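For reference, chains read A, B, C and D in written order, and residue numbers begin at 1 within each chain.
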Amino acid sequence: MEIFNSKLEEEKVFRDPIHRYVYVQDSVIKALIDSKEFQRLRRIKQLGTSSTTFHGAEHSRFNHSLGVYEITRRIIDEIFVGSDEWDNEERLLALCAGLLHDIGHGPFSHSFEKVFDLDHEDYSQKIIMGNTEVNSILQQVSADFPQKVASVIGKTYENKLVVSLISSQVDADRMDYLQRDAFYTGVSYGKFDMERMLRVIRPSKDGLLIKASGVHVVEDYIMSRYQMYLQIYFHPASSSNEVILTKIFDRVKELYRAHYAFETAPKHFMTIFEEKVTVHDYLTLDEAVCTFYFSQWQNESDEILSDLCKRFLNRNLFRYIEFADTDENRRIFEELKQLFHAVGINSEYYLSVNASSNVGYDEYMPSDKVRQPVSLLLADGRCEDLSMHSSIVATIMGKRAVFRYLYFPKELIKALPTSKEKDAIMQLLKLK
Amino acid sequence: MEIFNSKLEEEKVFRDPIHRYVYVQDSVIKALIDSKEFQRLRRIKQLGTSSTTFHGAEHSRFNHSLGVYEITRRIIDEIFVGSDEWDNEERLLALCAGLLHDIGHGPFSHSFEKVFDLDHEDYSQKIIMGNTEVNSILQQVSADFPQKVASVIGKTYENKLVVSLISSQVDADRMDYLQRDAFYTGVSYGKFDMERMLRVIRPSKDGLLIKASGVHVVEDYIMSRYQMYLQIYFHPASSSNEVILTKIFDRVKELYRAHYAFETAPKHFMTIFEEKVTVHDYLTLDEAVCTFYFSQWQNESDEILSDLCKRFLNRNLFRYIEFADTDENRRIFEELKQLFHAVGINSEYYLSVNASSNVGYDEYMPSDKVRQPVSLLLADGRCEDLSMHSSIVATIMGKRAVFRYLYFPKELIKALPTSKEKDAIMQLLKLK
Amino acid sequence: MEIFNSKLEEEKVFRDPIHRYVYVQDSVIKALIDSKEFQRLRRIKQLGTSSTTFHGAEHSRFNHSLGVYEITRRIIDEIFVGSDEWDNEERLLALCAGLLHDIGHGPFSHSFEKVFDLDHEDYSQKIIMGNTEVNSILQQVSADFPQKVASVIGKTYENKLVVSLISSQVDADRMDYLQRDAFYTGVSYGKFDMERMLRVIRPSKDGLLIKASGVHVVEDYIMSRYQMYLQIYFHPASSSNEVILTKIFDRVKELYRAHYAFETAPKHFMTIFEEKVTVHDYLTLDEAVCTFYFSQWQNESDEILSDLCKRFLNRNLFRYIEFADTDENRRIFEELKQLFHAVGINSEYYLSVNASSNVGYDEYMPSDKVRQPVSLLLADGRCEDLSMHSSIVATIMGKRAVFRYLYFPKELIKALPTSKEKDAIMQLLKLK
Amino acid sequence: MEIFNSKLEEEKVFRDPIHRYVYVQDSVIKALIDSKEFQRLRRIKQLGTSSTTFHGAEHSRFNHSLGVYEITRRIIDEIFVGSDEWDNEERLLALCAGLLHDIGHGPFSHSFEKVFDLDHEDYSQKIIMGNTEVNSILQQVSADFPQKVASVIGKTYENKLVVSLISSQVDADRMDYLQRDAFYTGVSYGKFDMERMLRVIRPSKDGLLIKASGVHVVEDYIMSRYQMYLQIYFHPASSSNEVILTKIFDRVKELYRAHYAFETAPKHFMTIFEEKVTVHDYLTLDEAVCTFYFSQWQNESDEILSDLCKRFLNRNLFRYIEFADTDENRRIFEELKQLFHAVGINSEYYLSVNASSNVGYDEYMPSDKVRQPVSLLLADGRCEDLSMHSSIVATIMGKRAVFRYLYFPKELIKALPTSKEKDAIMQLLKLK
């Protein structure tokens, strides 16, 4: 297999509903797409549990990763090439980093990472540096190429412009997922004028800049992002399914530690439980594998595990009420825990507060060391922060959107025999 | 749970990228959607192996089934209601049949059905009539309601108009999948003017009619279907992955019968191998379960099974050449079998002819007893076959599109040590 | 001709690129569309001079008026009908008002109105009340029907809900033009989710309300409007052409008053100049008539008139620089006037400040007596201003966007012989 | 003004609803767009009288011409450049020819040309070769450049590949108008996959070729064209308005020859009536000028002229019945003429047969010397006619679609006093 820097004999083209076509001209990119680690991304959904709320959005990270690659390629080949600020020797590096930026995602990314204290960016780097097909393909470019790709993804690569292509306020990652997730969910919010955006992007040694004349397209993009977080990514029904998923993993971990006699032992998760997971173990995990276990565990004798798995598979969600972080609510939560205990419902698994907040337009805070704000390139050559030129963005910038809900199993509660505890629970949860 | 014919207190709305919204007003429909048998359709892809060729098209049968329901609902509520030809007592029956028409699909439908000689329409009826949540929900409408729904899906229900809503040339099923599959694959072929189509549909006791003034929209629709079959459904790369899938099931069945000592025994498939599968067994099968097994079987000592599973999961396809059904090709096929044997490649699993033909615009043959041709309603009240009013359709009608390819593992062949058999194979398969 | 409240025998359908179809069921609506006053709207562009900047946007007020009618119809027939807050006796009145709301527009509306101190809403009412086909059609509904329609357009009709359908923050007029103008110009800004908007609109005796759950769709709509004003409606190149147009009318008026001997006398404008214009005179004016005159006046011996007409027809625009309303700029303006005089360029016609400001998201100021803010209908039945529930809207609400430019004929200036006045002009206007 | 082959300092970009952006890099192209002859195309509608049937489609030939330029540019810059078959020295020539191909269109092109026996392609060449701004701009490239551009438009230029870019089955002209007209009318028929089409186009010395793998996209395109002709271009209501327009011109010509005393003399048409029209005279004509005259002629004492002008402006169409070219119908036509005479209606102006046939998919006849069939480039390098590889196209190719209607003024007839002639007319025209 000769790869190196070579071009394919014939350009390879993938039909794509967002970009119409994804164009591949480099042997390395073709080989990476064909690698088993990249094909695994077909078995991990882009939106995790949101696909059960927005049934149109069943697309995978494979799908999205091709899109990020394509936007990166277009920015370089259509805008950067020929500019003094851009060294085209970095092209292949940027393309590989764009393609592989999500390679370390585990099944149902966020819940999984939270429960097991894993980080997908770590794993992206481990997969790129480990004994993998991806690594051996990248090695063929040069011995230090895998390390370079990993450092771009890790945001430590010295050329900030390359890093900014896949990690900045207006990077290829966000530009793809906003459009893609809007397309698949069927909402109109995520649409912004990417063709115009591409025309106002400029390279600089400190990262992507936006020409001042493009201020409105960026405003539109920032507003799209804001709307997508509010409407899609933070939707409380999706979070409900994520709560259930988290509780399944919690329960399995607890049962495993308690030496519970599983009918179907959690073989694929053991090294994770024992914190000795290898890259190879990690790569065996995908959503098909998890779903298989959930499907088996429906029949376990442990009622909690069985019930949670049924809920997840059959989308029998927890109900929710808004539940701001107040003293009063902290008191109510404690009271509910005791009442649940009294009526025999395990509050550890059936009463949960979930807050969505840290992601989203909040990322756009100047305090954020990593995600730099959008710099506008003014007519006179100076750069200034977008928020100084857009009162819309200035407003959003300072805000913190917190969505906080309390989740609980409505039908379990309603099925309880009459008691004063039941009445109290019903009242606190505003059930009728 | 009170269901019967009742309306929901508040209409339930699903965001849908094709129809913008799917509207549910009936308790029965809501309950069916929430049933575990219907939720299982989330784990079965609409296009099976085509999603590996058209990466945008990872949508499920759940997704499509909601769409069929919605089109059925719109035809009834916007067009039929109030017509003398339509009895609105049939509304709920038609809606349930539209929603459930694919409930019996197994994983990777076509390959799976072929290998194990199963039929998804049979299973749709068995699931509706069996001991299932779906059945118990339908029972609440009336004791004979499940039977009625099953007979609509089985096309034996006496009111042909109801049957034609989900099984005819311009039924809700086709109207949804053409648009949906075109949307998700990102091609423009499947688009036709459904709003116009809905306006020219008329009810009659023999089924749906199209007003003569709508002849061009139907032409456009028939041409869309023709193009979708040629470009998407019969794509040889998708078929390649389907060949591999079929061979996996063949191999597992053979190994099972030969009492091969599996590391991961095919538990979920045993009753199928032994032809004593129950509805309950059948419902445990979905694509997550199959994918889990494929993933495990990569590590089996049987090299053929292991290799095929790796191919399927990592999209390492068989190559193909066009291979018409001629005497010459039959001779070549026999010769290749012997040559494969000589070089140690099992032709049973590694040499395969696949023909796509029976589906598609071929369905539009008057000889087809079940799928009636499109009847145009003329201005004078008479009905005539569409093909008498459209030379375009008349042309397509008579044609049989046959796509026939020979599939083989190119890289295995190229890796063979030099020999005259290898040379002969390379020449016959036009490899360089 | 029997009209009254009667329904058409067969619904009349118009293909529309925004709404797909416009549906007409009422004889009155059909007759109004066919009236000569309404057909005249085909000869008045929706965006006036903007069509020379955005070449895709050559659509007429006829086109838009059908759209306003259709949105009004959908709100009534899909949302309001059956509600206690809505009296369906008002349906035809609202439809007629929606259809006719722009009937009084003159050619190139804004410039024309400004120069001649006319108001299109006045003329809408005069046309409806005058001796016109429109009036005689409306009379057939009832003797006081024309007066009612006029009062809805004049915002004095007692039922505020009817008025709010065509004159409020989220009325059918705005919903149509934002989508339509975005579609025709080819920008993505004007898109918002109208289907969702329709679902969250509620009738009340004080006008349209928005369900609180619809806050985000309204935010999106308000942002769309804001972007459309900034990007399209206030575009300085369109304003340049409008400045030229205004100057043509100014010049003709001046010449007429000075008894200039026109080769082509401004017959169609005389009663306007003399302020004795009748409804009938007014209706003879459209953009074809104006354009004919401009075309003739290219050959007048008056050089200013001839030059301005050539500029308008051949899109030879004035250049512009930003020109805020400051003391310094007022001084510069006076200086330029003197310099222009010195070099022989008439500053009355060739130096002009144009400010766009009063329209747009500014309309959304609570101080505005007529255009009420958007009221949200809360879950508990109370209503509150949108801005209390959306920090985005609250920000926009307080702002006043002022776009102020100084326009001048760059190539005339550059063609001047060298002189210190020319140098001074070039420097003040930043010309090189 | 330095033009020659120079590039603009900054690329000029036009927003376009079909192509998103039209990109201009060459000074010549910029200057041509700014020329008064090209700006005149803003005042000539692309679809003539069809805009009164499809109200969305009010776009001009200016709009379309920019689109043809842009597709030509993309084919050259994205596909042809670098190919051995393409000499990039021809680029500017092809772009100018694409941009100017419609420069000779008169107002309401087809009717106008028919009545006065003019040909827009002749005038395109005359304008390019005459004393015009366009000519003087082209001269600056080289002395023989205007002649070259004219010969490409006249299809006599020696390099057939250049000619085929704007005059062949799959040229930039057709590709633009199908998409553009579909977009503006709001129908879905005209959509085909232009991105895919561009990828399968190949240059050859004999003109554009299509790679055999692109057969289906061309089929889809041919079908789109077929549907657009049937549904849009041949729509009988548009033809009705065109009949009226033709009759206006006929009547004016007749009155002029009969020395009728016009209140508003047809000054702009006199040199045409006298067959001494110059390029300069021709260029003064546009749809605004014609519309002005029609508007004035509503008040002429000649009742026929006045009535026809009112009909045209107020869209008071002639009714129509299908009227095939049979002996029976020829007899009926003669009978109607006599009956019209008897009741005092001038059949010369009020009874008219209009056939649409020669344009459309009929163009695709091999007998057509100028419009060559589509050649497919086979894998082995040979070329074959598309119809040999597509039964769909083969079918369409042989057909001749004839739409033939008889037009008449229904309401005039119905308003006649009772008589046996009136009865006979009513019966022959199937009026009730």
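As a working rule, a residue touches a chain if its C-beta (ideal position, glycine included) is under 8 Å from a C-beta of that chain, and two chains touch if they have at least 3 such contacts.
Being a predicted model, the structure only gives us computed values, none of them experimental.
Engineer: Please identify the chain with the largest separation between its CA centroid and the CA centroid of subunit A.
Structural biologist: D
Engineer: If you tally contacting C-beta pairs, which pair wins, B-C or B-D?
Structural biologist: B-D
Engineer: If you average the Cα atoms of subunit B and of subunit D to get two centres, how far apart are those centres in Å?
Structural biologist: Centres of subunit B and subunit D (C-alpha means) sit 45 Å apart.
Engineer: Roughly how far is subunit A from subunit B, going centre to centre by Cα mean, in whole Å?
Structural biologist: That pair's centroid distance is 31 Å.
Engineer: Need the CA-centroid distance for the pair subunit B / subunit C, whole Å please.
Structural biologist: 52
Engineer: Would you mind listing the residues of subunit C that make contact with two or more other chains?
Structural biologist: Each of 20, 187 in subunit C touches at least two other chains.
Engineer: Please give the residue numbers of subunit A that touch subunit D in the complex, ascending.
Structural biologist: For this pair, the touching residues of subunit A are 13, 20-21, 195, 199.
Engineer: Along subunit B, where are the residues that touch subunit A in the complex?
Structural biologist: Within the complex, subunit B touches subunit A at residues 14-18, 20, 34-36, 39-40, 42-43, 51-52, 54-56, 58-60, 62-63, 66, 183-187, 284, 286-289, 291-292, 295, 310, 313-316.
Engineer: Where on subunit C does subunit A make contact in their complex?
Structural biologist: The touching residues are 187-189, 191-193, 216, 219-220, 223, 226-227, 230-231, 391-392, 395-396, 399.
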